[in-house]
Every structure is written in C-alpha cells, then in structure tokens.
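Each of the next two complexes has subunit A plus one more chain, namely subunit B in the first and subunit C in the second.
After this line comes the complex of A and B, so read on.
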C-alpha cells in the first residue's frame, strides 16, 4: 500500500521539477501553450471536485472562472490593488459565491442541477454585461506586463494545488464522504454524513480554483469581456477534459487536458470552429466508447474495439 | 392600454416558447434525455426556412411543412443511429452526448454557412393592424395561430392514434412495451423525430421574428428547459401553459423593469418553481 501511494508522488515531483525548469529552454510560443495547458488542466481538476467526486454535473463552472477574472480585473484597474492581493480576492470571492449559490441549487439533482448551473453562468454574464464597474460589454483592459514567466509559475502553482487537493480528496474522510454522496446520497445521509455541508464545501473548493485560474487568466491575457470569460465552451472544456481522462480520478483530468489541449491547439491554428467541432466529436465518442475515461482504459488495458464497444451492448435499446 | 399591449405581446411570443418546450418535454418525458441539442434543432429549422426562402423564394409559412419533414427525418436518424446506442446509460452521459451533438451541429453550420446574422423577411414582415389602441403585427399573430394548430395536431397524434399510444406505452414501461410487440428502438426514434420536428417548426417561425445565427440555440435550449419544468415535466399541456407564462413574464418585466436581464428572469422563474412547486404548474404527482 505504501509503495503504491509513494510512486505517484515521486513521478509527480519529477514532472513538476521538469516543468519548473522548462521555460529556460522553450520558445515563447511553447511557454504560452504550456500556460494555457496548465490553465485548462487546473480548470478540469477544479470541475472534478464537484462533478467527478461528488457526482454533481455542474454545467456552469465558468461562472466562477469569470467571477475570479472580473474581481481581479476590477481590483487591479479601478481600485489599483497590487496583483498579489487582487488574485486571492478573486479566488475567495468566487469561492464565497460558489458556497452561497450552492446552498439552494445543490438541493437539485441530476438534470435540474445541470441546467440550474448553466443558468447561473448565463445570469452572471448578463449581470457583468450590465454593470458599470466591470466596463459592461466593452470589457476591461489590464496593465500590460512584459514577461510571461510569472504567469507560467502562477498557473503551474494553481494546477499543483488543485491536483494536490484532488489527491487529498481521493484518500481522505472528506473525499470518501463525497464519493458516498455520489453513489447514493440517501444512504450517505443515513450513515451520518452531512450531505448538504459536504456538497457545499466541494462546490466552494471547485469555485476557489476556478476563480484563481480566472484571476491569473485576466492579467495574463490583459483584456477581458463578458462574452470571453463567461463562454459556455470553457465549461464544456472542463467537463470533456475530466470525462475524457476519467472523472473522479486524480490523474484523469490531467491526462484529458494534455491530450485534448494539444490537439485543439493544432486544430486552432487552422480554424477555431474546427477545434470546437473536434471537441464535440470527442464528447460523442467518449460517451459511446469510454464513459469511464482514458485512465480506466489504460489501467485495464482495454485497447481492443470489442472491449470498447461493451458499453454500447450494455446501454443500447 | 400599455398593459393590454404588453399582455398581447407576451401571449403571442409565449405560444412559440410553448411549441419549443413541447418537443423538449416529449423527448425528456419518453426517453429521459435532456436534449441539450434542442436549441440547435431550432437553429437548423430556422436555417432550413431561411434557405428555402432565399434560394427558391418559398414563403416561410408555405415551407413550414418541408422544414418539419426535414427535421423529423434528421431527428429520427440521430436517435436511431446514435442516441439509441447509449439511451439507457446514466443521465449525465445522455445529457453529455446531446451536448456533443449540439457543439458539432453549431460548428458545422458556422463553417459552412458563416456566423453572419440572417433574417427571413417576406413582403408582409412589417405590416400590422390596430384594435382599440393595441398594435398587432400580422406575422406574430399568424405565428401564434400556427403554433396553436400545430400543438393541437400534436396532442391529437399523441392521444388518439395508435402511434401515440405506442409512444405513451414505451414511456410508461420500456420492458412491458417491448413484450407487447412494440418496436421500441423505432418508437424512440419516432419520438425524437417528433421532438425535432416541433423544434424545427418553432425555428422556422422564430426566423421571421428574430435574427438567425449559428449560436442562437444556446439561450433557446435554456428557455425550452425552463418552460418544460415550469409547466410540469412530461405533461404536454404543461409545456404550453409554461410557454405562455414565460412569454408574459418576459414581456412584463422588460416593459416595467427593463430589457437588460432576459435570461436572468427565466432562470429566476426556474429556481423559484423548482423550490416552491417541483412538479410544475400543472404537473402530476410523483
């Protein structure tokens, strides 16, 4: 048991060390690509807390990303706070918002929860669009920074923190509580788990990391507008990366982000619509052939078509 | 007088919302699929009408049967050859796959037909008449009457025909329906086809009132969902009542509060209904 818990840590530490040293030897283009990859992976890990472990499929996590981006943005520009304060403020506000909105909507289940979260994201976009302090539809422009390196390390740091939290969840009392809620909420409650508290805490944690990521994104990209940071496609990306890699696992979202971000990046150089089209096809194929994700397929060595099609035999009509 | 005008506007728009939600509610009620691609089907219906109008000069009301037929066939194939493969998997997965279908449809349309705003403008588009100080555009009135006719036809199909009975039987109990010899896979596909046809009809008429874009469907999926839940899931009358309620709510709030928060209003209504009366306005128990 000890060996199997120690190995991922060693591999993880080696990867982190390699990544930390990476910018020295990479072209600016690759550094930008890695920042984007870290961001997507961190978002996928943040979604995984509520969607993967707790089993509440949030279709509105982009709301927390957007709140983080706008809070940081407004504090930086209008209030002229230093970034070191504006970023945590963005993360904490997103976390508080997730906790507050979570209290009523986490009482909904299944489809109702999914659409309610979609509604939260749409509503947030509308509110930001109509507020004065956020610059409305014209957006916000941040002060420009010269080097991309701070963003590289910040995104990497958030990604590591998000991954560690997922790892902690996968092997802690709190995490087992979440998994119990996912498997059978009534039974979990009967066992004495305070389901409402656990779910809200998971949602808030998810919001914290999405918010922090949004804050770094705002300063990195230097310009944000409501259409840009509240795009439904950002939520879709979080979900498909987590699902593609494997929901409710620690490495799944990382794996999903790595594969999908790389392919999307290649396709985006041709045409943005093409990359989104690819995302759509991936969603369909994943649901058809590997709903448990890539991590599970690799773990069980199920590479033959016959094994992959087992899912279809089970659920078709 | 303003009050009466706002009331009429709301009802006329609400009819269209009802038609959209009817398709969503049918697919949800029978197969337990929340069809995220519903708005994309509406979008496809709008484009079908647009192209028949632009290329061949077909009047949008005349081409409506063609749009309905096209969308029925499209919906049938989508369910028969794709969604049927995983229809009994967990809710999240069926929802996710329709999400994928939506993304694929929207981006194919974007690539082939561009993101330009389009509009269907027959010669009578701007014409209206006034009764007692209330102005009613002809197009909106005809759209409303068409939605009423289509809704009645659809309800008759579901209640009075052999096919309708088969659909309802499949919805009640899949295994029992199969035992009595109902071809379940076919019935599922027909059901989705009908839902798509209703969405297509709504889209064909939506294009006469509002601009058409590839991404117009996202907000409409949300609205169809809200209306379906508002009225009570799986009840067809509920969808129509819910549509009228949403139309009125939007019309009144945009006049008396402001037009800046249309989605916030639908969403607020949704959460309110879910908390106060989870079975919907005319929903049945359990």
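After this line comes the complex of A and C, so read on.
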C-alpha cells in the first residue's frame, strides 16, 4: 500500500491538468457533457462517503443536492447575494441538514435506513413545493450567465475536492473508523469507535458535497423546480455509479460515472427506449459479474465465466 | 480497592431476569473464571459491564469510577475491552487491518497514527502467533484463527481489563493448551482477565478464582478446586440426580 501511494497522485494530477485545459479545444456540446459528468462523479463520490465507506445505503442524498440548489438559488435571486457566498451557504446548509437529520435516522440500519432517507428526500420536495420563498411548483429562475466555463471549473473543483476527501478517508484513522462501522458496528463500538459521531460526520460530509454540487447545478441550469432537483432517480444514479465502479474505493465512483454517463449519453441520443432500461441492466450486470465493482475487476484483472457461475449460485438467480 | 467492583448488577428482559443482583470484585492482575450453564447470564453480564446493553439495576466501578450509562466506545477507551462469543471480524479488511482498528481507537494513549497502529498490530499478531496470516482477508481465516484475531484486536487496544467470551469454543485439545498458555502470558504482561469458558480443564488451569452464575444469579465464588467440587455447582451443570449418584 505504501509504495503505490505516489502513483495515483501523479496520474490524478495529469488528468486534472488535461481537464483544466480541455475547454479550449472542445465543442460547446462536449463542454456541457463534461460539466454534467463532473457533477455526476462528484455526486457519486459524495454518496460513496456514507454508502461506500460507512455502509449506510442512503436513498435520499438527492435531498442534500436539492437543498444546496434551492439555498443557492433563493439567496442568489430573492436575497441578491453574490454567487461566491450563495454557493458555500448552500453547501453548508445541506451539510448541517445532513448532520441534524442523520442523528436520528442513522440509528436505523439496512433497509430501514434506506427507506427513512427516501422519505426525507420526498418530504423535502413537498416542503419546497409548498413554500412561498422557493417559488413553489413554478420553480426559480436564475440570472443567466453567458459562459459555461465558470461552471466547468466549479464542477471540476468540487469533484476534485470530493475525490480528495474520499482519498483522505481511505487512508486515515477516520476512514478506518467508518469502514469498521460498515463491517460490524457492534465490534467497532467495543473497540473504542464513537459510531454515532463518525456516522453523522460521514453523512454531513456527504451532504456538503451533494449540496455544493446542487448549488452549481442551479446556477448552471438557470431554472430549478421541486420535480427537477428532488428526483429519486438522481440518488439512484449516484448509487449505481458508485456500485458499478466500486463502493468504498476512491476511483470506483469516478470510473462508474465516466462509463455510465458516457453510455447513457450515447443511448439517450441514439436509442431513447433503451436508455430507460439501462440502469436496470447495469444493476443486474454488476451483481452477476462484479459485485465489488469495476475498480476491483481492473485491479485484480479477473473476469471469468466461473465467477459468473458462482455469483449466479450465490444470488440464487 | 479492587480494579472492578460490581454491585447488584441486574438486567431484565421483560419479566426475565437474565442477570440478577450480581456482585463481585476483580483484583488487579488476577484471572477470574466466569462459568455457568448455557443461558445463565454470563454473556449478558459482560454486555452490561462493557456498555453493549443498558442496566436495569446496580452499578460497576472501574478504578472507583462508575461505568454505568457510558457508551461502549467510552468504556473501551477507558481500558475495559472484550471479545465476542460469536466472533465479529471486519470481513473485508485484512487481518493486520482488523487489529490496527484496535490500536487506532483503543485505550487512551494508543497509536493514533496509521504507521504506529500497523506497527503495534504486527507486534500483537506476532504475540498471538498469527503473524503469518497478517495480510490474509479476515474472511479467509478458519475458526481458531478467527478466535485469535478477535483476541489480537482486543489486545491491540492495550486494555487494563479484558473480558474473554468463550475464546476456546471450537478449539481442539492442543489448541486449547496453546490458548491457556497465551492467556497466562497476557496476564503476565499486566492485563487483568475475566474468562468465560465451558472447557472446565482450561478454566481450572487458568483461574485464580471462579465465579459461578446460575439462572442469572451468583451461585458461588472461590478458588477453582473448591468451586468445581461444590455440589451446588455440579448439580447446576449436571442436575441434582448426578450429585446423589456420585455420593452413593
């Protein structure tokens, strides 16, 4: 583990540099595609903190995305704050909300936690729908900006920050605490880990990055409404990308976002009917072929029919 | 002053008193054997003392300070550790990583940096003779190895008091001998032990004193020979008729 630490940093720096210079040579369409890709990858990395490392499968992370989007949006329009303040406010409020809501619902485990988070996200949508300040069902319109470049760099920046936090978690005492909780919470507690505190911190961190992403999304897309930013499918996408790439790894969510965003972009322009089925296919394929994700398959270079057969037996398909 | 003073510890599940008014002292440096038939409340007593279950009544003092109401992680950091009867490995971590968690989060003054924790974990694995499996996945260990890893994780916490909940279950006779030697070595390094065990030979060899639970209550307490020959203890384990037969 020690000797290989430098290598991902070098590769990462090279990729970031290439991406930072990319807009100059790309068509507007591709720049928009990349902004979307960065957003999905940042969301997948944010979900990975609570779902991948800590093992709490949140089905409501879109709530933090929506809170970030709406906080930034309302501050930008009604309060006329500058974006440079409205965006961090959105991120911090999402983080605070995640921390507060996390304290009670992180006492639940497994399916119960998943359902509770789903309920939180749906409730948030209804609340926003019925508030005056958010514009209710008609939504909010942001001031229009001419260039997509600021959004490109902002999304890239958030993605880098989210990835670095995941990387730090993977090699820190805090991360060992989260993984121990995921593996066996009773044993973790007996070994001196303050599970309630650690889980809440992980959930809040997850909320911070989802909220920041939502804030940038709101300004970039210029129009938000409750149906748009509190969609369950956004959470599902985060989960599928993280699971596809490899939960609880740093590069997994990145790989997942890259592959799935690209494929679904191609499908949605070429074969719309298939695009709808795509997420379902992915789940089935992942479970059968690579339960530990793409990152693990690449790392171990193993992909065999025998493994498929074993998984078929194991999951009683 | 005893290291641990338990007074009237009680745990009820509805109408059932799993542990009823149990009091005992644990002296610094001793090995206390905790025995009793299945369902007599041994594990429940450990769960209550280590904060895994809330008290119904009573109190336990560690170096004079009450442990009642503290969460289990806080009790672990004070220096009171335990192993689980049904081992709870972190399956997707390697053996050394499992043990590192104990070093990272254990008793105050532990190894908080990853490199220090790894170093301490390797030492402990060496001590429990599991160093050759350090880089194996915890999931790939066999039962005796898992028991030893469970023990190593607790030891990496540098506990003052260690509760061992049936670490010998499922071991063969030569493995039990090795475990007895190991547990004595742990005591010699300064850890006070409470050993729950069904293997009577091991309990007799290990314990300075034995405490017997029966239906959640303390049946008796004393030196091994005296306790194990006590007719009440024999009848608790084997039934009244067996005592009468052995007298006849």
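The rule we apply is simple: the second predicted complex is superposed on the first by the 305 of 317 C-alpha atoms of A that agree within 3 Å, B and C clash if a C-alpha of one lies under 4 Å from a C-alpha of the other, contacts with A are read in each partner's own complex, and residues count from 1 in each chain.
The definition used in the following text is that a residue touches a chain if its C-beta (ideal position, glycine included) is under 8 Å from a C-beta of that chain, and two chains touch if they have at least 3 such contacts.
Just so you know, these numbers come straight off a predicted model, no measurement behind them.
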According to the stated criteria, A:153 is in contact with first (subunit B), second (subunit C), both, or neither; which is it?
neither
Does the superposition put A:81 against subunit B (first), subunit C (second), both, or neither?
neither
Which partner does A:179 reach: the first (subunit B), the second (subunit C), both, or neither?
second
If we overlay the two complexes on their shared chain A, which of subunit B and subunit C does A:33 touch? Say first, second, both or neither.
neither
Going by the contact rule set out at the top, does A:190 touch subunit B (first), subunit C (second), both, or neither?
second
Is subunit A touched at more residues by subunit B or by subunit C?
B
With the two complexes superposed on chain A, say which partner A:127 touches: subunit B (first), subunit C (second), both, or neither.
first
Seen from subunit C, its contact residues with subunit A in the complex are 50-52, 71-74, 76-77, 81-82, 84, 88-93, 97, 100-102, 104-107, 110, 112-114, 117, 153-154, 157
Subunit B contact footprint on subunit A (complex, rising order)
57, 104-105, 107-108, 110-112, 114-116, 118-120, 122-123, 126-127, 129-130, 232-233, 236, 239, 243, 271, 273-274, 276-277, 279-284, 286-288, 291, 311-312, 314-317
If we count contacts the way the header does, which residues on subunit A are in touch with subunit C in the complex?
171-173, 176-177, 179-180, 183-184, 186-196, 248
Interfacial residue positions of subunit B with respect to subunit A in the complex
28, 34, 82, 84-89, 91-97, 99-104, 106-108, 110-111, 174, 184-185, 188, 218-219, 222, 225-226, 229, 260-264, 266-268, 270-271, 274-275
